[in-house]
Structures are given as structure tokens and as C-alpha cells.
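Quick heads-up: structures coming right below.
In what follows, chain A forms one complex with chain B and a second complex with chain C.
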Partner chain A sequence: MSDTQTSTDSSLAAAVERLAADDPGWLADARRAAWAAYESAALPDRAQHLWRYTDPAKLLPGARALAVPGDSFGELPADYHDGTFEHVAGLAIERDGRLLRAVIDSTIADRGVVVCDIREAAREHEAITRKYFLALTQPEFDKFEALSTALFAGGTFVHVPRGVELDRPLRIAHRIGGDGLLASRSLIVIEENAEATVVFDLSTMTATDAALLHDGLEVHVAQAARLRLVFIQSAGRKLVHAPVIRCRVDRDASLETVTVCMGAGLVKSQQTTELVGKGASVKALGIVFADHRQHVDHHTLQDHLIGHNASDLDYRTVVAQRARSAYTGNLRIGLDGEGATAHQRNHNLLLHDTARADTIPELEILTNDVVCSHAAAVGPLDDEMMHFCFSRGLSPVEAKRLIIAGFLEPVVTRIPGEDLQDRVRTVLATRLAEAS
Partner chain B sequence: MSDTTTETTPETTGSAPLKGAAGTGTSEPLKGAAGTVGIGDDYDTRYGFHDDESDYDFKSKKGIDHEIVEMISRYKNEPEWMREIRHKALDTFFSKPMPTWGNTKLLSDIDFDNIHYYVRASDRQSRDWDDVPESVKNTFEKLGIPEAERKFLAGVTAQYESEVVYHSIREDLTKVGVIFTDMDSALREYPDLVKKYFATIIPPEDNKFASLNTAVWSGGSFVYVPKGVDVKIPLQAYFRINTENMGQFERTLILADEGSKVHYIEGCTAPTYSSDSLHCAVVELRAMKGATIRYTTIQNWSKNVYNLVTKRAVAEANSRVEWIDGNLGSKLTMKYPAVYLVGEGAHAEVLSVALSSSDQHQDAGSKVIHAAPNTTSVITSKSISKDGGRGTYRGLVKVHRGAKGAKVNVKCDALLLDAKSRSDTYPTMEVDEDSVNIEHEATVSKVGEEQLFYLMSRGLTEDEATVLIVNGFIEPFTKELPMEYAVELNRLVQLEMEGAIG
Partner chain C sequence: MSEETPNPSNGAPSNGTPILEVTDLRVAVDGKEILKGLSLTVNAGETHAIMGRNGSGKSTLSAAIMGHPRYEVTGGSILFEGEDVLAMAVHERARKGIFLSFQYPVALPGVTVSNFLRQAVKAVRSDDVPTKAFRPLVKENMKRLDIPNAFMTRYVNDGFSGGEKKRLEMLQMAMLQPSLAILDETDSGLDIDALKVVSAAINLLRDKGRAQLLITHYQRILRYVEPDFVHVLLGGQIVKSGGPELAQELETRGYEWLETEAA
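Now for the complex of A and B:
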């Protein structure tokens, strides 16, 4: 085991150099520094809540070699076929953590919106990438963020200039293949008074692809800008997915994230949001549906560094069969956080007695002029609702499906685009039918 | 970023302080404003005094080693099995690392070599106040213990430093077979019972501070309530530390046999010193079928006491265990009273109030393990932070597979009185069973301006209004206390609140 580890590490070190050779100097330096950080960082401490439910060793490359990203994408999802920009502002296709191509509505391109691979951006848009790349991560470089920074093959870069408002979403379809180690890093910058919706749609090429994907995403929402960020993950059951998403929301800006986690065998997701200005508004919605032997672990942090702003989080989890969900969340109000309003909710439905849900909603409040609350619940379907449905003539199975669909629907409706909503509903309905 | 909690959580806990229980000054609940008594001033006069130690019977050197453990055991003339447990536990204590969670900074300041692990003021225990050494008697009289006993207690144990110096129980209870004595006497007089249950609920390896307690324990209460006996009025223990750099390690074991009922109250205080003392108690409760145990603690140690206590109960079928836990004093308290619900229909109730003031961190909470069907638990935590104090709720609720029909309700509310104070909530819920109902809610807020405004429009000053609101906030707690305690607690809170606004 340790031999394998060593040889993999040395081949990974070589890969860092290979990748660095193609990058501008500042990025090559960042890679090397990240690799050094990765090598020297200990595995996270499992005594910490963040790692209480998922063994960090499972996210190590182990015997996996760094995969060469594929060049093909396979068939596009039906809802991407349109080819016009009637419903979308742009489409991008990503394979194994590298952007293959991106097309955006020319009227938007004319206004300076950029969607391209992050490594291309590092060369072509150096000033902006240098300013924002790793701006939200380095001080607390966690071991796995260091890994994705050292080894990323690419990623998506989205830049919406000041004052540009996109009235249709940007969609990024990302497919993963093979069983190697993959890393990517993406960056979204929404400048002052701009507005955008970005949808990340992650799946695997086949149901049996067993890759390990470490992907990092940094999101900057500047003053008075507005961003809706959607993650739909419907990968095959063998994927190991470890996303780390770091967001920063400035004065009067708003960020809404919608997370729909349905696939992969092991998910360890971390999403942190800093509120750094007054008037900022952050909403985080999530659906987790896990069945069979899926292990899904979500962590969120809403960090009110400045007050007079608001955050609201609502994660809804359904766990069936032998699946396991863990949610750890923290609401933190700093010393300068007076006037903050923060709410956090995590509700879990357990469909079978072999399913398991763990939840740790934390509060850390360092000043007093705040309004904070959190609530968590775990349980089976509500008896009264079931009885109500029976009294209207529904069968137990119908009643169950209806109630669960109703439980998830408020989040589904926040996904932009009827077509995407319907796709998510269909996947959920199929999975529910299997589970009930 | 996130803190840790639980399973590995040492449950250190605090012991209890009762504060002068008794009927000392009946307070007028709403006085507040006029008084100029500072918080420190009041503690010093009421509890912060210390007695001369010149006539002490024995005081161990500072520091801990096998020699000290051997000495304690010999001194007490203990059976061999207990001596062995102590030595083994000391090795465990040495080998276990300090917790890596919680307030590690304060924890790392504990100097285990600068503590007297065994101190006794008197070479005998009394059943009559007149026999208690004068200085010790004066102390307890100042604290109001004898008065409380006369008024409303069924039995009293008073522990001074490491040993119980006074002990009494009403005769009618003795007649029906109730045992209420100190732990050392119990080991001599009821060796089989003690051996059968000692360290079965909190094993010596449970956590570092429980290991330390097991190695050097002295004093504490032993209670046995026979089948079907209802002890209608409370039993009480009062713990007093007098010496500087003292470590108090009492060990309490309460056994409530089938269908019985008992209410045990503990309180504690200590003199105010500039260097730290350590209090590491271990409290084990077993509620057998259909029994009810209520365990009330009013912890009011001085602000130089580390209060790291492990408290745990096992609840058998249809039994009920209630921890009523008030934390007002100490420098750092880490205490998470636990209930293991092992029999069908068992119920756990944890109701706590923590008041954190300057230089204080109350890291308290609870732990409930549902390991049987139709078990229920209710956890209510109220925390108030002021003057830069920090209040932490840290809890675990675990529902094991097969605990069908379990119901859990956890509610944590925190009130922050000023901008420097801090409140944390670290609840953990682990659910391995589908047919359960778990609810958790927490809120953090400051004193509502509307409430203040309303009360001030009725002629109250801001201080008075705040005291009233705070008293209302902790009302669910105080209403569970015997009246004398509730009055006293309200008075304490009021004192603590004086000058809080401004």
C-alpha cells in the first residue's frame, strides 16, 4: 500500500510539472506551491465535525493515476439540443475537468461576457484570473483543495462584466469517464451590478465510470451583482466526487445556490460563503436523494464577516435503502456581524430502517444584535399527511410518492428552465418508484 | 471550522453547585437597578471567603503519581479491587491525550502538577452538626446548608475538600431501606452493591477526566432507593472547595430500584483565588424499570475553577431520568449529562441553563442515546452570555437501529446581552432508524427591543426590564426547581445582570 502510494505520488509530482509547463509562470508557481501544501498537509482530523462522517482517506488518490482527460462528450442531453439561444445565453461542454468548447450568444459576447477554459483564461485574461484565482482558498488550503489546485486539467471560467445582465442561463454540461484521478478548478466572477445564472450539470459517460473527481470552484459576486448558481449531479454510482465551492458575496449583492445531488457513490461536498458587505443576500437550497449504498456528505458554512445582511439555507434530504446522508452546517456571525439575519434548516426523510441520516447544524455567534435560527428534523413521512392522502383515495405507494415529491418540489422550482426541472423531476420520480 | 462533539466527547461535567441553597435572602425578584453590588463583590462575600487551613488533618503534596493514588487508597483502607481500579485508571489518565475539541486553549492551561489531589480537613465524619469542626461548620452555616436541611431536605451530605464531613438522612427513609451516604462509607458498608455498579456506566477509560476521577476519587454520594419507594422530598449534597489549587474528585452513584422515585440536588461553591482549581466529578445513575430519578445541579464555582465533569445515566424500561442543570460559575465548564435509554418506553429529560459572564466559558449540553423502542427525550437548553462570556451548547442525540418509535425534541435558545459575548450551538443528530421523530431548533438573539420598550413604557427601568425578560427566558428551568432554589437562582441571575445594560 505504501509502495503504491509512493509511486503514485511521484507520478503525480511529475504530472504537476508537466501541467505547469503549459501554464503561465504565476500559475505554474501556484501549482507547485499547492503540491507542496498537499504533500505536507496531514489528513483532516476526524475529530472535527467536518470529517466526522466521511473518511478523508477515501478521497486520496491511492492507486489511481492521474487520468488524461477525454476528448469526446458523447451525446448531449436532449435539453441541450436546441442549438439556438432562445432559452440559454450560452452552452459549454466539459469532459473530465477540462472545457472542450463553449458557445455563447453573440449579443452577449459583444458585451464582454467570457466563458472559456480556466487555463486559457490564465493566458488570455491574465489580469482578471490572477486577481481572483485562489483568492478564496489559499489561507485555509485544505489538503484536497491543494490537490485539485496542483493537478487541475482545466475548468470553467465565467466572467460577466460590470452592469451586464444575462436574462437566460449559462449551461455547463460536464461528463466524467474512466476510473482515474481527475481534478478541475473553475472560477466565476460576476462584476458590479451584473446578473447571471449558471448551471453546472455533472454526469458520467457510463454508469460504471469510477473516477475520483476533485473539483474546486470559486465564486465572486461583486457589489450589487446577482448570481444564481445551480448544481445538478446525476453521475453513475461509482463516481467519487469531492467538490469544494467557495463563494464571496459583496455589498448589496445576492447569491442563490441550488444543489441537486442525486448520483455518485461517495460525495463529500463543501460549500462556504462569505458575506463581506451590508445588504448582501445569500440563499442556499439543496436536495439530496440517496439510495442503495450511496454515501453523501454535505457541509455548508455561511460566514457573516459583516452584518446587516441575510442568509437562508434549506437542505432537504431523502435517504432510502442502505444509503447514508450526512449534513454539517455552520452559521457564523463574526464580531462585526451586527444586524445579520441567518437561518438554516435541514430536514431528512428516511424511507427505510436501514437508511441513515446524520445532521449537525451549528451556530457560532460572536455578537448580539442578530437574529439566527436553525432547525433540523429527521423522521419518516408524516402520518397525518399520509392519512389525508388515503382519505382522498390514494394508495400508500401513491401517497408516499406524492408527499416526497411535494417535499422536494420547492427546491426543484428554483432550477432555471422547465426542461431541466422536468429532467430532475423524472430522475427523482424514477428513483422514488424504485425505492417505494 | 466546525467543532467537534460527541461520541468521543469527554463528558466532563460540572458538578453542581448549589448555591446557597437555602433560604437566604428572599429576593425581591425585580430589584436590580438600584443595587450597586458588583458581581465579583457579591461572590467574594457570600462564597468567595476561605478558611484557615492550619488545623487540617492532611493535605497531599501537589501533583499526581501512583504514590498519591496508593496513599489515598491506603488511607481509606479500601478493598484490593478498588486499589487496582485506581492504579489502572491513573495509567489510562496518563496515556490519554487532552481533548482536541472544545476550548482547547483553556484546557491546555490546566497544570496537573500544580494541584493538591487529596485534602482532608477533619479525620472523621459527623452525623451531628455539633461534631463538625468549628471552621467547617461556620462555612456551611454561612452557605445556609443546615437551614436548608431543616426546611426542606430529606437528607444532606456536605463535602469539604476531599471528604464528606457531615451527613444525615431522615429516619423514616432509613426505615424503608433508603440508603443515602457518602461513597467512601458505602464502599465499606455496602461493598457488594458498590462493586456491582461502580464504573459500570462510566468506565474508567471513558475520557481523560473520568480516568483521573477514578484514580483519585474521594467523597461523593451513594444513594439506593428500594423498589417502589418514593422519596418525596429531595436529598442534597453540597460541595465546597476551600484550599487553593485544590482538585475535588467526588464520585456519585445513584441506584433507583424498580418503580422508585428520588430527587437529588447538588450545589457547590469555592473561594476566589488567582490560581486555578480543578473539579472532576463522575456521576452515575441507574434508573431501573419504572423508576424516576431527577438530578438537579446548581453549579456556582468561583471563576478560577475548571469544572470538567462526566455525568451519565442508564434508563431501563419505562423509567425516567431528568437532569436539571444550572451553570452559573466556574472558569470553564465542560459538562454533557447523558442518558442511555436502554429499555422500551424510557424517557430522558435534560433541562439546562447556562449563564456565561466575563472570563467564563460554559460549554455544556447533553447526550441522549436511544437504544430501545418507543423511547423519548426532550432537551431544552437556555444560554445567556454577557460581558464577553461564551456559552456553548454541544449535544448528541443518537438513535440506534431498532429504536422504533423514538421521539426526540431538542430546543436551544441563546440570549446575547452585548456585542462582545458569544454563543455557539453544536448539536449532532445521528439517526439509524426510520420510524422516529427528531426535531431540533435553536435560536440566538439579543433582548428584544420591543419587549424592552413595552416594559419601559410600563415604568420599568431598562435594567429592571432586562432582568424581567431574562427571568422569563429561563422560566422553563426555574419552574422545575424547588421553590427555595428557584428564588435563589432568580436572585443570582438578577445579581449577575446588574449593570449588564449600559
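Now for the complex of A and C:
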């Protein structure tokens, strides 16, 4: 560290060793293997579907040094303040990719539910962590997943044992500070016939924090289990955020994801879901709101490895000013996918001529007897809807806000809790007011 | 809140200025002239019916008064209570007291009926409906128009049947209390119960300070809402005007005789 001539990569290599020293051997080995994979992997090819709209070089550490995670958090949003477990099953706070504290309702803890930092889990709950950690990431380790695996300072571990049903959400508030490189890996395991709702709420300490966050999450939803997974991202406009979310949904299980992407300057998000059993049901809802010069790129894959199951995706995008959104959605139905139902929709509203949205659906269907649909649209606000609102006395600005809020509302209503829904509505309304 | 007297005497304006004065109006859609010099005066307290076949220009008249951007006014004038309507933005027309019940109301997905009504009332009647008065007023009007409570949490016209859409149009009209209500084929395709609801909504608005313009294809609704004047629109102009008996005549004789007369 004293040697300023050290190249970033060699200081990162040293960081891998420093982190590995505190990990159990199996995890230390995984880190080192990941670092080797990172070093040997070429940058993704921009001719690929996945990287057509975002330059992968922008996700490299570059001049950024690996940051030491902070240990302060600041005020929690008002909708967390309650002091009871009436509305939440548990509450965790994460700073710079490391879980600082978690408290869960004792009645839930008594039933074996665990919420803790992933590195603590690797020591304290080794059997389960070892079984699932990286199970969905290897062997197709892409360069940036290798990076987050080599360098993760921590992350959230959630384990809900067999048959345990949480009737309130687990909420994880995550704050990012500074302008360094941050890496985090989280793992959620919902065992057979269990049920949970997990809300990740990502923001920055200040509006000018310009960190680069490589953020990996693996999600296992076992047979007949049910998970709702909510991501609310309202970071400052300097953050670079590269989440990779990999989900596996087993027989008769259901997963609903709700993604609300409002902040950060550059977002490159990948979310893949494997349906590996019959009767599985996957729903992916998304809101993307981008303004100023934000660049937001979402990729999804719904992968039906087995048939007789259903996936349904609906991403709604609003792009204003000079912002840019790209959505690439892949629907894959494998050779054994007979009887699968898969729907995908991505609708984009452009509020200004300078805004841009690209939407590219991609279907790979290798078997017959499936039901698939995809719909993509990019356009300005609907003139007839605007006229209808005007005719009832609403001004152009009022009409625009009402129609856009309505466009996003079906996704907002899938966020658990009125307070949290209202916070998202308020942020969206404020941003809309600024953008119009 | 405003005038109490229902069903005032025919054609008695509350003051000298007509509610609506259309003079030599010419309107084109996609470059094609549809209205070819239409003139019409509607005084306060009057209900007028505009009848005519499909394609005669009936809906064009209502769209032009409300200010739909696809309808280009190429000549003539429209005055509302003496003011130049054509110089007003659409929402200003609504705020002044013009209401159009659309033939095909559009859906606003994600916008609840309750939220929409609240915003519309706030925009149009903020002076006489304080925030607190909104809810009782909606309840009262829903009861009058036989609209179930479940409407309030549904999204505006989203998945509504034809009859439900028309009822919601009538609820908006009842909430906004327009000086000039234009009903563009609101009666089309309604069953008898829905037709009675629509008629009741119109009759509730009939008083000496307001006027209504019923645009219709059929004489059926005029049994429930008796107009003071009936006009026949043909080829973009009013070719005949009369009292309610003209509607009866159209019912029995059809429109052909007017075509011959006009030719």
C-alpha cells in the first residue's frame, strides 16, 4: 500500500490474499480461483447481445482502488422507524457491501431463520453455504462475477428453513459511500415449502458518491417454496452499479422479483432465472426511471430447462432528458421445455426527444407445444390518454404525471408495505416533476 | 351549490350571452373537410339534440368544441359564454365548464377512478369543492347513478364494459357540473338500465344556468331526455332544425327525405 507504483491489479491481488486469510479454506480457494478467472478472462465481446449497449470497460476497476467498507450508516428512511417487528420479520443494514447488523424477530429466529453477513455464514453455517455459494455462478463465471467473487467484502446471507413461512418482509438497507471499488456477494436460500419476502434497498450516503459496486446475488427457491424479492435502488447519480442476480426455481416453487431502478449514473444489471421443475412460476416486474445522463442497461434471462411451468416478465421504463435505457430480454425454452408458458413485455416511455430506449427481445425456443409471447414498445406518451386528461381539466404537466404514475403503478403495488410503496411513489413523483 | 331549479322553461337564457355560439364552423381531419360551415346557438337552460347518420360530422363537432388535436378548425368561430374557445387549451376549456362525454373513452391503466376524479374535481372545481367535500360528493353521485363502490379502486376504463365506461363518463359529468355538457353518442349500445342512468345524469344537470348538447344517432334517448331543439346534420351542415317533434319525424321517415330536400 505504501508503494504507489504498484499497478491496480497487483494491489487487488494482494487484497484477494488479505481477504482470503480471514475466510475458511474452501472459500479462500474459491476467491483465488475467481481471481485467476478474472485475470485470464477477456473483456466481454461487445458484439454479444448482452454487451451491445454498455461498454464493459466502464465496469473495470481502472484507477479505483478497492475500498475498505465503511462502518457508519446514517439515518434509516422513515418507513423503517418503528422499533417493533409488527411490519418486518427482520431488519439488516449493509454498508459498502458488508452487512453491519441484523436483527430478526425472535419468534422467527427460533424457527431457524438466519440473516447474517455471508462471510460469517461461511464460518458459522458452513454446510449450507458451501452447498449453495457460487452454485449458480460457476462454471460460466463471467469476468465481473469473477471479480466480485475474488474481492467481496461481505454480503447478505438469508436462510429460511423448510416449511417456515414469514408473513412479513425481511428488509435490508444498503448504503454505499466513497468512490472506490466495492464488491459484494449475497445468497438467499428458501428451503422446501418455506415462504419469504426480501427487500433490498440500495442508496448512497451522499449524492456525489462515485463508487463502482460489483454486486452478486444467488437465489435458490426450493421445491414448493415461495419468494418475493424486491430491489429498490435510489442511489446518487455518480454510482456505477453492476448487479448480477442468478436465481434457481425448483418444482412447484414461485419467485416474484420486483425491480425498481431509479438511481445511479451507470447501471448494468443481469438477472437470470432457471426454472428447473414442473409447476414452477416466475414473475419478474420492473420499473426503470432514468433522467439527466443516466445510462441504464438491464438484461434478463428466463430459462425454462424443464417445461410445464410459467414465466412472466413485465419491465416498464421511463426515460427523460438525455438518459438512455437498454433492455435485452432472453426467453429460452430448452429441449425438455414442453408445456412451458412464457411471456415477456417491455414498454418504454420517452419523455423527451433526447431520451433513448432500446428494447431487444430474444427468443430461443427449442421445443414445440409451448405458449410464448413477447411485446416491446418504445414511444412518447399516448395522445389520446393525454387528451382525455386535458378534457377533464388536467394541465399538460398534471396529465403527464398522472399517466406516467399510472404506467408504473401496477409494479409499485407489488412492493410490500404501504409505507415503502409511498416512498417509491414520492421519489418517482419528485423525479418526474424535475424531469418535466 | 348553484341554481336549484330543475327543468326550467324552454329556451330562457339566464342572460343575453349564449352558452355556445358556433358560427360558420369548418373543420378538417387529415386534410379532409368534414364540417362545412356549421352554425349553432345554444342558450343557457336549453337542451339540444344533434342527429344524423354516421359520417355526417356529429362527432367532429364535439371533438372540435373540446379541441382534439386531430381536428383542425379551418374557418369560423366557437364562443363559450362569449369567449373564444379556439384560443383556449383543452384543459382551459374544461376548467371554464365544457365537458365532453366521449363516445369511446380511453383507458388510463394504473390510474384509479378515485384518484382521477379527485384530480379532475381539483382542476375544475377547486373553488367550490373543498378537499373534505370530495368523498361525500362522490358517494352521493355514485348512489344516484347506481355505480358500485368497487368502481373507485379500479383503473379508469381499464377492462370496463361499454356500459361501465358510459356510467363512469356520467359520474365524471356529475362531479364536474359543467355549464355545457356535450354527449357524443353516450346512448349508443346501452341496455335500457344503463340508458336510464345516463338519462338521469343528464336530467340532473338541466337547469337554467346550463346547457346540454346530445349527439345521437337514435331517437331512443330522447324519450328520457326531451330536447328543446333538434337539429339534423347532413354533409357537414345543419340542414334542418325544429322541436322534439322533428326527432319523431326522423324516427318514422328516416333521413332520406332530408337528403332529397338538401340536394
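Couple of notes before you dig in:
Note that the second predicted complex is superposed on the first by the 430 of 436 C-alpha atoms of A that agree within 3 Å, B and C clash if a C-alpha of one lies under 4 Å from a C-alpha of the other, contacts with A are read in each partner's own complex, and residues count from 1 in each chain.
The definition used in the following text is that contacts are C-beta pairs under 8 Å (C-beta built on N, C-alpha and C of every residue); 3 or more make two chains touch, one makes a residue touch a chain.
The model shown is predicted, which means the values in this text are computed figures rather than measured ones.
In the superposition on chain A, A:Val378 makes contact with chain B only, while chain C stays out of contact range.
Of the two partner chains placed by the overlay, neither chain B nor chain C lies in contact with A:Ala65. When the two structures are aligned on the shared chain, A:Phe390 is found in touch with chain C, with no touch to chain B. Once chain A of one complex is fitted onto chain A of the other, the partner contacts of A:Val370 are limited to chain B, with no touch recorded for chain C. Contacts of A:Ala109 after superposition: neither chain B nor chain C is touched. More residues of chain A lie in contact with B than with the other chain of the pair chain B and chain C. In the superposed model, A:Gln48 makes contact with chain B only, not with chain C.
In the superposition on chain A, A:Phe407 makes contact with chain C only, not with chain B. Applying the stated touch rule to the two superposed structures, the chain B and chain C interfaces on chain A have no residue in common. Across the complex, chain A meets chain C through its residues 382-385, 387-396, 398-399, 402-403, 405-410.
Residues 45, 47-50, 52, 299, 301, 328, 330, 332, 335, 338, 348, 350-380 of chain A touch chain B in their complex. In the complex of the two chains, the chain C residues touching chain A come out as 66-69, 89-91, 93-95, 99-100, 102, 105-106, 108-111, 115-116, 119-120, 123-124, 155, 172, 176. Against chain A, the residues of chain B that register as touching in their complex are 1-5, 8, 100-101, 385, 399, 401, 404, 414, 416-446.
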